[in-house]
Each structure stands twice: as structure tokens, then as C-alpha cells.
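Presented sequentially are two complexes of subunit A, the first with subunit B as partner and the second with subunit C.
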Partner chain A sequence: MPDGMNIDYDGLIPNNVGLAEDQRVRKALETWHPGYIDWWKDMGPEGFQESLVYLRTAIGVDPKGWAKFDYVKMPEYKWGILLAPAVEGRTIPFGKHKGELAWQEVPGEYRALLRRLIVVQGDTEPASVEQQRHLGATAPSLYDLRNLFQVNVEEGRHLWAMVYLLHKYFGTDGREEAEELLQRRSGHADTPRMLGAFNEATPDWLSFFMFTYFTDRDGKMQLEALAQSGFDPLSRTCRFMLTEEAHHMFVGDSGVQRVVERTVQAMRDAGINDPYDQAAERKLGVIDLPTIQKKMNLHFSLTLDLFGNEISTNAANAFNAGIKGRYREDKIEDDHDLIGATYPVLRCVDGEIVREEAPALSALNMRLRDDYVKDCESGVVRWNRVIEKAGFSFRLALPHVAFNRAIGEFATIKAGPDGVVMDAAAWAARAGDWLPDAADAAYIDSLMVPVREAGQYASWIAPPRVGIDNKGGDFEYVQIVQ
Partner chain B sequence: MIMHNSLDGRVSCNIMQFMEQQMTGPVEKPIIEFRTEPARYRHWRIEIEGPVAHLIMAVDPAGGLVPGYELKLNSYDLGVDIELHDAVQRLRFEHPEVGAVVLRSGREGVFCAGANIRMLGQSSHAHKVNFCKFTNETRLSIEDATAHSGQRYLSAVKGAAAGGGYELALTAAHIMLIDDRKSSVSLPELPLLAVLPGTGGLTRVTDKRQVRRDLADVFCTAEEGVRGKKAVAWRLVDEVIAPSVWDATVAQRAREAAARTDRPTDAQGVKLPWLERKIEGGSITYPHVEVRCDAGLRRAEILVAGPSLPVPGDVATAVALGADFWPLAMARALDDAILHLRTNEAELGLWMLRTRGDAALMLAYDAFLEAHQNHWLMREIRHFIKRVLKRIDVTSRSIVALIEPGSCFAGTLAELAFAADRSAMFVGDRGGEASAMLTVGPANFGAYPMGNGLTRLQTRFLGEAATIERVRASLELPLDAEAAADLGLVTFTYDQTDWDDEIRIMLEERASFSPDSLTGMEANLRFPGPETMETRIFGRLTAWQNWIFQRPNAVGPDGALKRYGSGQQAAFDRQRV
Partner chain C sequence: MLEAPVKQHLIDPEVCIRCNTCEATCPVGAVTHDDNNYVVDAAKCNYCMDCIPPCPTGSIDHWVVVNQPFSLEAQFSWLELPPQPEMGEAEAPDALDVEALRLLDAAHQGAGGHARAPVSAAKPRINLFNRARPAVAIVTGNLRITGAGTESDVRHIILDFGAMGFPVLEGQSIGIVPPGLDERGQTHAMRLYSVASARDGERPNTNNLAITVKRVRERREDGRVFEGIASNYLADLPLGARVEVIGPFGATFLMPDDLDADILMVCTGTGSAPFRGFTERRRRLGQAGRGRLFLYFGARTPEELPYFGPLQRLPDRLIDKQLVFSRVPGQAREYVQDRMRGQAETLGGLLKQEGLHVYICGVRGLEAGVDAALSEIAAGVGLDWAGLRAVMRAAGRFHVETY
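Here is the complex of A and B:
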């Protein structure tokens, strides 16, 4: 029996869940496996399936030594089922079952609710791989190419994690859902992915960095909330996924920072003082600061839509049932059942944005979104420090939560990045100042030329300060085999 | 406070109500208005492309009938359904060129989420019941249009059709579901709200779609519903369509459906203008219909005036009269009066039906309608009258017809006497007025079937084929009280000496009984004989639903409807009753 800390690599599917002894689930997963590999080859990174990529693979789930690095062909990556170690005697931390022993099996009455949550979470994992599959062709360096692939294989593993839960706990319905996770396609007219933001293209590398910073951070928030779950296998799965998700956000955070660094460095070298002089900045082959701001506006607002309606019965039900908690529920000091409590919610009343107290149970999406916005700020502060140190007065800023929204309270109004409500015509007239337009896209696209020599970096991005696994920036992170 | 508005406002029609308001504070309950028109719609759009109409639901979340809930996700309340009812009616009368109607959503990601839960949670029992009755009637009127008007309904379900949303889709003759791996049909009332899919949901699944009963059991307890090919396999929808060919296929199906119509392509529709109605004191006045409310005696008197103008010489003249043509004008007025009284005058528990006019002329109008029954407009009018009479059949009021000298209970209007729970006929003349007569016409033998599929005479004389033949033998002969009683067409006959007293005592006695037991008894006695989908919806499904609507498991402080949206689950009394 595995002790829950080490991973059994003997079978087809690496795992720390005793798959060798669980014939039923092993058979289901082994049946699902070929379909997954076909999906990866069809929809995974395009053109690099034979290349050797310097990837980390989990070898244990304890915080210290869980990863080892080596060259791997991506289709041979050791995807597997990894759960954080069980905590003896863990109890349900919130909701009406608070204090009861955490469930090791799905309670019948919450089966549909849990399955839906897991399927939605699961659907986002392959979706982002699909969204990013063309990016390999234009990677600004081997270092970035490797980071992209690391993100991709880990998203693939997250899909495995969700599929394990579906196979293990949800019977035939679960197997059907697992199959469908391989059938849907990001952006496909007939079989789209479930959530809007996961059907948007990731057209260029700045979008990729923004996506991993902003959208993967939504993933982090959702995983944090699910890591609190009273359904113990889900909690343990999500806890382990979070350790991987942190790397994705590092890729986004450091990626944007390196773009900013390169831009302000080039501006200083060329003696440009006006950050709004886009034409001059673009002549330098870097991405001007206003365009970086526009990309931020786009990805931040699209991601906010993933939090759903501010007032949500589903969120309330999931909390009360002990299925999905709040961000860092275990660190919050209150009664953890929220009956009778209130929470301030931004609402749209007669076209105005007002703050109203709402029942805290119904306002959980709003609360998670607030936590998310706070979490997003840290990177923006770091990026601005780079700009400030370079001596420019320009500051990047998150747009107002009402800006450019399609879901929730603000879907029916038009607001600028500063939160000022305006009519649709006035908004449309200014949209090009706030969101990337065709000209911006064309310019960024023109910069997207591949750089495939170890230690070389595209004109628009600075090298990293340190590499991966203590290797330098000039390490050959990918041995390309075309 | 008494509000006064010369046209539509309500002057509190009686002293009792006034006193009640004084005692309980100024609770001015606004009158619920069933009259509307497309320019006033907040929730629906009608878009017409040649022979195809698109009936598009885009509910304004802020457009609820009363404050306290938001109509999110294309959920509906009575106000939304009033517009739907109006739209269905107008498509039939104003658009002879339309042969197919596509029900669809104007909101992204959702077809219709059904009746608004918070609205149900905060509504009184009476409002819920009345709301469901009206929505049921509207759903049936959609099916009536498909069956009898040559206006075939299709549902184009894109996004979730949940609960009442799927029940709406179920009214169509053909249901299309987009196969985007998200859109589903569901009846989650039981698992989610501890009530029933009571707007025909259960009954249409088994009786109309003929879904196997065990699959129906699974479907009605699965909150998330069914999508894709399984929905077709279970017969919940007729086809699933890939998103890339969705628009083209829906358009194609609509054209195919429209091609099957027998409606004229070149006819002018009849505009249904704003219905004139004057509410003053205790009286409500329409063209051809007058209502007098007596709150003290808890009853309403509905007086229907027969036609006064001669029968049009030809059908073109009748078409030119349009909404002023007596049968249509009378039906519109009576329809609104019924809806108004049901919804806004719940304490008037007894309706007295009276008529006046020229019986021979009434029969001549019937003959005209019958002679031109294949003309699209005359057909519409007859089906409309049929539906108005059906509303009476399912109204939870004691209904008494008074057949007096000067009355016009003949043919179509005689149906009012047969729809009543009991009738009384005046024997002999009264102050120089000619004796009261009751005249059976051809219209009483098939033009206006009840929900059970039988005529009111067949229902009245269940198992008495010979009696029906005796009645038929006196077709178009004015029958005096004695003859009518002999044929069993009336309940009581009284002469001058007894009439006033007997009627007074009968009405007073009736008004003294428990309104609930009366409702139950009347609903049972009105529908003897065979069951149809329609009678099952009103008689069985609704009765169960209304029982559940009273139970703490649904509406108690810890019940599912009250707790919905709070995140807290309902606490059930687990005892099976």
C-alpha cells in the first residue's frame, strides 16, 4: 500500500491513491487513458510532441521534495493521480455539517452538486491547453517555451485529477462526464468549453502571461475554495493542485514583469520620456506601456466574469452543504456557517453602482471575487516598481470591477476602467483606448517571432533573473525535434 | 385611501373593503391588469418573417409585477405570462399570414428558468393558485393554436429550459434542443423546491410526449436535467441540433411547419384594439358585458348582452367589423371580466350569470359562424369563445345561471347556463315581459367542447344518449321553463311568487359554505366522464400541487420555497401523508 506520500510509478498511471488495489477505478482510468493521449496529440502543444522538454515531474506529495527535473517527451509525461496526504480526523470546516467528520464518500444528496462543480473545474484544465496550443510557434525563448509546456502538462494533470474523482466517486455518470471532457473544444462552434473565458483565443505571448496571471489566479481561488471542501478527496486533490498552480501564476507574474522591464529599459536607452508616445516605443520593437495596460484591462475583466453572479443561490447552497468554502476558510475567524450574516456587495441600481449589504451566504461569489482582486494587486505593485525605478511616472492599474463585464450585476451597464457609468455610444467611442484593438493586435503579432537559440530572447522581453532548477537563462530548456 | 382614476383605476367598490383598509392601514393592493399590447410589453418580442413568427422571451429582471424579486434568467411571474397570453392571442387574430411560431429566448445561455422562485416564495397561496391556473390556460391556448388554428408552435431551446421553462417548451408541437453540451431540459421542482412541475409538466411528459414512466421518474428527480441525444432518446425533445447549423435548421423547421398551414397568405388580420373597460363604484362595464360587484353579499353578477346589430350579409362585412363584430367583442370582454374577477376579486365567491337580448338573433349569429367556420377568422372566433367558456369551467367560484324574462340563453349564450353549477329559470311572464326561454342550437352540439373533450350537454347527460337526442329534437325551439326542466336543461324553476325568495335563499346559503370545500366539490362535479390531458392537468396535477403549496415542507418557514436562495436547505417533516 502506498503511504500517501510516495508515488507508485509501477503501473500505467502514477498515483498515490492505491490504484493497484482498486481494480474498478484502475480499469476506468486505463480505458480513458488512450482517449486522453489522443486528445493531447490532437489538441496539445502543436509541433513539439517529439521535442525533449526539461520538465518537472512530481515524485512525492510532501512539500519538500515533490519534484524532479528531466528531459521528457511531452506525450510520455508521467501524468498521474496525486492527492495531498490525508489529515487524520479532518472535520468539515463550515456549513451545516460543520464539525462532522469529512466525507470520504460522496453524500447522495450532494452528488449532483459536487459532480457539477468538478466537471466545471475539470473543463477549464484542458481548455487552457487548447487555447495555448499555437503559442509554441512564436515563443520568445527556449526558457519561455519550456514554461509554457510545463504549464500545459500540469493543466493536463489537473484534468487527470478531476477525472479520477469522477471515475472513483460518480459511477456511470462520472465516466460519461470524463469522456465529454475530452470531446469539448475551446472556441469550437459546436462543442465549446463550458465557461466563456475559456473559449477566447490566447493569440500571443503577452496574452499568455496575462492569462496565467489573471485567469489561472481565478483557478487558484476556485481551488482554494474547493480545498476547504467537506468532501475529503476533493479537498486533498485541490490542495495538491494548488502547489502546481503557483508555478503558473509565477510564469504570468514574471512574464509580464519581464515585458515591462524590457520596455522601460528600451525607452531609457532611447531617451524616450513620454510613456504615451506609443509610436516611438513601438519603433524600438517593444510593447508600449499603454498597450500592456489594455491587455490587462481585457484579461482582468474577462476573468471577473468567471466568478459568476454576485448574488448566487448555487454558491450559497454549496457553502451551506459543506462542499465549497471561502478563500482560506481555515484562516477566517467567524462562525463558519454565515446564517444571518451579511456582506457588502456592489450592485447596479438604476444604472448606478452602489454598495449594499446582502446575506453573506448568497454573496459568496462576491466575496471570492473581492479576495481575488486583492490577490491580483500584488503583481501590479511589483510591475509598477519596475516602471518607477526606471524613472517613469506611468502606473499600471486594475480596471474597476464594473468595466467590460458580461456576467453579473454590471452586464447591463457600460462603465469605464475608472468605474464611471456611461451610455453605450460613449463607451463604444472610447473602447479603443481601453481594450486592445486590431492595430494593437497586429503590432503585437508582428513581434511574435520565435527565438530558439539557448540564451537568446525576443526583442520585447527581458531574460529571467534566474532560470528553472537553478539553471541559467542560457540553458537549453527544450531540445527541439521537428 | 381610495384611489380614483377615471379610466382604469379602481374605486373601492364597497364599504366592507373600505372599512377593512381603514382597520389594517392603507394597504392599497394594485389591480392586476390583463389587458396589454405589444407596445407595452417588457418581456416579449414578436418578430415576423413572412409566414413565420418568432416569439422571443427576454424578461426584464426589473419588470416584476410587484416588488421583492428580480426576474433573473428569463424567469417569469404573472406579468410575463399576461404578455405571452396576449401575444399568442394577437398572433392568431392579427396575423393570418403566420403559419408557424417559434418560441425562443432573447437571453444568452438560458431559454427560460421557469416561474420565479422568490415570487412564489413571497406570494399568497391564492395568488400562486390563480397564477398557475392562468399559466396553464395560456399553455393550453398555445396547443389550441397548433391543433385548430393552423398556427404550429415550435420550441427552439438554446440554453437551459428548467421547470416552467421546459413546461413552456413542452407546449410546442416540435421541440428542438441545441447540442452545445450545456443546454438541457429539466424539471427540477421536486429535488430543488419540494413542489411539482405543476404547469402541466408531469402530465405533458407522460401524456403528450409519452415518456416512459420510470424514465419520467428519473427525469423529474434529476436537478440538472437531460441534454443531447439522451433527451431525444427519452422523447423529451424531438431533435438535437449542432450549434453550427442551429439557426439554419430552426429556420428550416419553421418554414416546413408554416408550409403545413391552411391559413390564408393574403388575408388582412384583425387588430385587437385596447379593450374598453370602465370601473366605477362596484360596476365594471365593457362593450356587451357588465359586471356588478357586491362585496357585502360576496358575489358578482355578470350580464352578457347578445348581439343587437343584424347578422352581417357576408363574411367580408364581418371581417371589416373586426374587433367590433359581436361574437369577438363579447368574447374579449367576457374573457377579461373572468380574469379580472378571478385575480382581483377573490372574495366574490359566487358569480351569477345573466344574459339579455334577442335569442333569434343570437341563433342567427351562430348560424353565420357555423356557415363560415372554415374562414380563418370565424374559426378563430369560435375557438376563442370555446376557450372563454373553458375558463368558466375551471374557475373556483360557485356559478349560478339565472334565466329570466328578457334573457338570451340561446345557442352560444346557452352554454353559460350549461357551464354553471346550477341554474334557475323563471316561470311565466314578469311585469309584461315575455316569458323566459332557453333555446338549444347547433352550437351546443360540438362547437365548444370542454376540457374533457365532451360538449357541455354530453357532460351534463353523461350516459344518457337518449336525453341528448330528445334535446336535439327541440333544436332552435324556444323552450319555456317547464319544457326546459322536463329535458333536464335547468335545475330549478320558480314562478313570480317564489322567485325572489328562492333565489335569495339559494345565493345566501351558497355564500355561507366554506369556499374551499365548494371549490373542491365544484371542480369534481364539473368534470365527470373521461379524463384528458387537459382535465388531468387541472384536476389532478393542480390539485396535488395546490396541496403541496399548503404544506410546511414547501412553504413553511423552513420549507424549500422559503429557504430557496438562502443557501440553507429545507427541513422536511419526513412523514408520508
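Here is the complex of A and C:
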């Protein structure tokens, strides 16, 4: 059997990293474990810790074994440490160490850089669980409730994955960082999570779908870039995490699609022809298309800030060092060291948005953001197909990357969703047309009533086309015990 | 062999979210994509099913039966799946699981051509459970059905599925992978066992099924005893044991639901398993139709003939039982084809009927002897067996499953 294909389920922590033989790390993790469970009980999904949830658990990292479905109480979920199987003779795919054997230990010179990347990635995982902890109370169906919890337990597992790396490779520093990952709290005034978007509330289910579509997709891009890493344990960890991350993408993508589907269906049934007639749409108990667009504008722009500055020496250093690659580096056909290459970057010059060639190494954040925007488009195309099929002349669209930004080139200017630069007063006057306001929030909030009968769905969302694990939409995905 | 029509693997573009998991997972590079769709190359897909569990959406789990697989270009252009092309339901392959498909493909080769299900057969469900996601059954019966004094240890094993649905038709097979690893550290190969009970269970409306398992324990030329891993695993199962079951498989070796159809069943040893299912199905439906069953069943001795006792109790008006023995002391050796020749008049009359369905099941080679006998019998009533066989096969009325 290839290395790393066996999962050890006997110990407290399921793993395929040989924890049984690694006394030091096992002890460290077993010491960390009670704190994690405490955190999960305090900050995990509120009110459903005793319920039986039909969850997917990885019982192996090979394709045949990693999706096992059964009813589980969330605190008893088997959070494990699972790395994609090692690829024999893997070499560093980019940067100045390109072609050297991938590192199995942390190279001393990159210790601080790697630790920082792992901690930042790790911090987002518990943060999103915290952001979503109240959503169970208003789930539009048992199916959606289950999907929320699947996302939550897997974010928990991703935290484990990062904490394992910290304990295994970063000694005392790593232990302290692992501890702090359990101490910070999303949105907390004194001890907030590290990145802005992870301190925003997720107040309703449309926000949740938008968050999983847009913000978890940033996570996917980061994981894809780290999966290319020359530090092999990080690469293997991220590769396995990506398989799980795909489910999160699905929840967001299909969630928004079902909202759109329900809205246009209700409009058709009621004979509404004007998609901009918000009042009429809202009378139907569905979320009107303009509001869906506003939510997109908000979540897309908040997420773009996560990519950092367009021109970044940190990103250049991480690439050059072989630590963090480009999105699907292995599929790109170039020299993989980028010395002397350029990349077009959108910059803000004298209050205008212009495209400039910049050194490709410095522009890696920009490039990853471009890949991200392209990846985001695919879902929007499908959502629009639903609207088109229903016969409405309305198109959802991603706003311009300069819209509503707080980090990077466009933080200092005000641009509309179409990219037109304007003064702050003009922008503020229009903000309510572009971003959800208090009235929108109150309306959406009024729709957030829980539906807990198997096969029933809230008024504002269509049932899924296919269920989970070949079960139907009317399967009892959560057996609620309160 | 894998010949048209084929079951083609497609991805539903309306449900797919382009997460790339399938493409990253596929071990043979059969999944690819363009800016529009993720698609499966029918020329490369080997039905290994690796891409199915990791898909978060369920879009990956789509199958159509086609004569000409959809090209990559066609799939790239889709906004939604095309409707299932008009095909006879009888055209479906026996399994999507390549391991099971190979086994059944080999077992069906003796039919001399592409087999089809009887026109009146019920629609089978296949591949509901695979290695990654097997059904779990509990052993609720395991009894020896051959004489205690004989070398042949054949078991009737009942597997109960509890609350889990595992729909089968008579003639279908289930897959068993013995637990543990072989000496190379690989999981064991799958073995197929024919369902020996009727579609509604051992007793009507029970959620179980029976299989007939012969314990393989053979002395080899070098003096060592070869023990079959799967058969010994199954034969030793205690009541209450959990068994992982894959399948069901098989979409052609099915019985006609037409109760007026006569059925000729020829078997040896555990090849009797599907015919126990056929017979039980007909018995339960009482005298609703005109069709009769004709069974030619060979064994070494009565003690070694599986289900010898229960068979005796079946009424002649339901089934004409021809039990044939090759090793009874003091008697000449007789094989099923000998008995068939002796009954040329009956069988010749049957061959002239439009509605006759013929099934042959047992050890490899049985079909050759039976073929020769039927050829002579047909000639005796002025029929050309080769031509008739081809007609019957095309109509789903001639079936061979030997191994």
C-alpha cells in the first residue's frame, strides 16, 4: 500500500501521518484536543450539538475511501489529520529552488515565512465556523442545515490540518500559535481574527451562500497556491483539503442558484415581468434579483481585499523561495521562475484606473486575484442561465474590482460597480443602490424562518436538483435533538 | 466484449460547479474541461468510479445508454444534458463497475454473442453500491445444502439488508470482496454470486436475499490444498456477521415476467442458484400463466446436488425436474446433455415454440455440451440450431452464464 494511504483510527486522532509512532507530536495534539473540543462547544454551531447530522467523514485519502456518510453528533465527528499521498521524488516546482527535491522539513531560512502563511490560513478556518454559528436557527431546510454543518466540521478539520503542521514542524512557537488559534474570536473587539472578511458577521443564509461562494473561494485559491509548495507536508495537506473545499464551493454556488431559481419561478407564477420591481417581488416572499446583486457586490468586494496589495514583495519572496506558487502552477507552461517576466496590473494613477506592466514576481497577488475573478465568473454564468431560461432580461454581474475596496490600489478611490471613478459624496449617494442597506437586511431577516420538516423548503429557496449521497431532497438530513 | 450499445458516463452541466475534483481524481485522465464544461472521454473512462464519491454535487453520476458515444466536442457545447436517446431497455450493460463487468462479460461469452434481456423482463437496477460504498448485510442463515458425508460443501447463505434498500431481480449477481489484504498488500478481487432467491426475498416481502456458495478447497498437483478466499470467508460466516455487499449487477441474464413463457434451465452445481430464484418467483405467482419450467440439473450424486431435498417438493405442473447424476455407484455416468438427448421429443417441441427462453448456468464448458445436444435435437425437428440460437439471443431468449 502506498505511503500515507492507511488511516489509523485506533488513537484519539484519526491520521495517516504515523502519529502512533510520533510520541512528541501525538502528545502535543492530545493536549491541544480538549481545548479544541471546548472551542467547538462554545463557538461551533449553536443549539445542534446533540443532533444527529448526516455527515461525510473521510475514512481514507484514496478516492474510494474518503467519503463515508452516516449520522454523527458533531462533537463526536472524527476530526483527523489527513494528507494526500506522498508523490515519490517530488521536486520543487517553481522559484529559485526549482528542480530540487521537495523539503520534508522546514528550511531554516524560510521558517518565519512558512509559519506566518500557515497561521493565516489556519486562522480563517475556525473564524468561519464562528461567523456561521447562529445560522442553524434559521435554516431553510434540513438539507441546508446539513450542508452548513458539513462545511463547519470540515473547516474544523482544516484547522486541525494547520495545527498539525505547527506542532510537527515549528516547536514551541508552533504550539503557541496553535493555542492562539483557539483564543482569537471572529469580530471580537480585542482579539479579532487576522483577516478583515473573517470578522464580518454572516447574518442570514443568503450571506452564507455568498460567503461560501466568494470568500471560501479565496480559501480555495490560497490552498491551490499552497498545494504547489516546495514544503511537501504543506502541499500534501492542502491537496487533501481542496477535495473538501469543493463541497463548500458547491454549497455557495448551488445555494445562490436555488435562491435565484425560486425568485424567477415565483415571478413567473405571479406574472411579474419587471425584474426591477422589488416591491412586487418581495410580496411573493422571495429575495428580489436587485437585492441578490447587492449581496454579490458586497461579498465579492470584501473578498477581493483578502488578496492583499496588487504589488507585493512578500508574495514575490514566497514564490521565489518555493513556498507559495501560482494557481495550478503545475498546469502553467513557462519557466516557473518569472525572473524578468512582466504581468499586467490594474493600478490607480492620479485617481484613474490604468493597466500597467509590472514585474511578474511582484504581481503575484494580482495574478491570483485575476484567476479568482475568472473562477467566480463560472457560477454567475450559470445563475444567469436560470434567469434567462425563465425569460427575464436581467443579468447578475460581478462588480468592477475597484468597487468598494479597503485594501490595495483602489482603497483610496471611490468607484462604482462599473468601474467609473467618482467623488466620495457621489459614491455615498448611490451606495444604497449598490450595497445592501438596513431595509434590505430587515427584509431578508424577515424571511429567515426555520423549516425543519424533511422535504420542506422555505419560501425563498428552491429544493436542490440532487440530494447529498444520492439521497433525495426529502431525506431527513438532520435528526434534531435539542 | 465491450461493444455498442454502451453505457456512457456524462457530467450534468447544470449541476456541475467546475471544482475540478473529478479531473484531479481520475486515474486515467478521462475527465477534461474547457471554459464551458467538464466532460468525460468515453474512449478513456474505465468505469472505475473513483470520481463519484469526491464529487460534491452529484453531477458526476450520470449515465446514458448510447450506440455512438457523445464526442468531447458535443459535450463541451451542452448547456444541459441531452435526453436519454431512444434505446431498448434491454440494451443496458450488466455493470458499470469495470471489475464486475469483466467478470460478467467473461461469464456470458458462452452465449456466442451480445446477450439481451428478455423483452418482458423487469428493469434491473445495477451498481447501486460499490467498493467505496458497499451495502452492509447481516447473515441470518448459513446452512449446508449438500450431504454431510460428501466432499462438496455447498452453502445456502441468507443476507439481510435491514432498512437498506438493495433491490435485485432473479438472475442478477452481487459482488463480495473478502475483507483484508492479499500477500501483496492489495485488497482482494471481487467475486460475484448469483442471487438464489426471488426478488421479494427469501420469504415474500423480506428484505433479504440468498446466495449459493461452494467452499473451494482443492488439492493441487503439488499436494498443497488451495482454499478459495471468498468462498471460505462466506462459508465460515456465523449468524449475525456483517457482510459488505456490492452491486447488484447483471442486466441480461434475467427471467421473463411473461408468465406464459416456457423456461428451459440447464445447470450444474451452484449454477442452480439463479434457477432457484426463477422457480421460486414462478411458484409464488401460482398458476397465473401457462408457462412451465424445465430443469436439467447435473451433479455427481444426489447428496452433492444443491437443494436436492426442497426440489423434490416442487409440483410437476410447475416444473419438470430432470436431476442427472454422474457418479452414482453401480450406475452409468450420465450428464445433462445425455438426459436432454433422451428427452428429444419434449425439447424438440419446446424449441419450435416462439416463447421458449433458454438459460445455461454452471461450470465453463457446460454450454458446449448443451449446445451440441440442442443442435441434434433441433435438427431432429427440422430446425437449424445456430440460426435459431442467434434469433433467440437477439430476442433475449438465450442466455449463458458459465465460469
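Heads up, the rule we're going with is that the second predicted complex is superposed on the first by the 478 of 482 C-alpha atoms of A that agree within 3 Å, B and C clash if a C-alpha of one lies under 4 Å from a C-alpha of the other, contacts with A are read in each partner's own complex, and residues count from 1 in each chain.
Here is the rule we use: a contact is a pair of C-beta atoms (placed from the backbone, for glycine too) under 8 Å apart; a residue touches a chain by one contact, two chains touch by 3 or more.
This one's a predicted model, so the numbers in the text were calculated from it and none came from an experiment.
Subunit B and subunit C, once both complexes are superposed via subunit A, fit side by side. Using the contact criterion defined above for the overlaid structures, shared-chain residue A:T191 touches subunit B, although it does not reach subunit C. Using the contact criterion defined above for the overlaid structures, shared-chain residue A:A431 touches neither subunit B nor subunit C, since it reaches no partner. In the superposition on chain A, A:L101 makes contact with neither subunit B nor subunit C. Judged by the touch definition given at the top, the superposed model places A:L361 against subunit B, while subunit C stays out of reach.
In the superposition on chain A, contact of A:A341 is made with neither subunit B nor subunit C. When the shared chain is aligned, no partner comes close enough to touch A:V449: not subunit B, not subunit C. After superposing both complexes on chain A, the closest C-alpha pair between subunit B and subunit C lies 30 Å apart.
Subunit C contributes residues 14-15, 17-21, 24-25, 49-51, 53-59, 61, 79, 130-133, 181, 185-186 to its touches with subunit A in the complex. Subunit A makes touch with subunit B in their complex at residues 96, 112, 116, 180, 183-184, 189-192, 194, 309, 313, 315-317, 319-321, 338-339, 359, 361-362.
Subunit B meets subunit A in the complex at residues 72, 179-182, 191, 222-224, 242-244, 564-569.
Of all the residues in subunit A, the ones that touch subunit C in their complex are 1, 63-69, 242-243, 246-247, 249-250, 253-254, 378-379, 382, 385, 465-468, 470.
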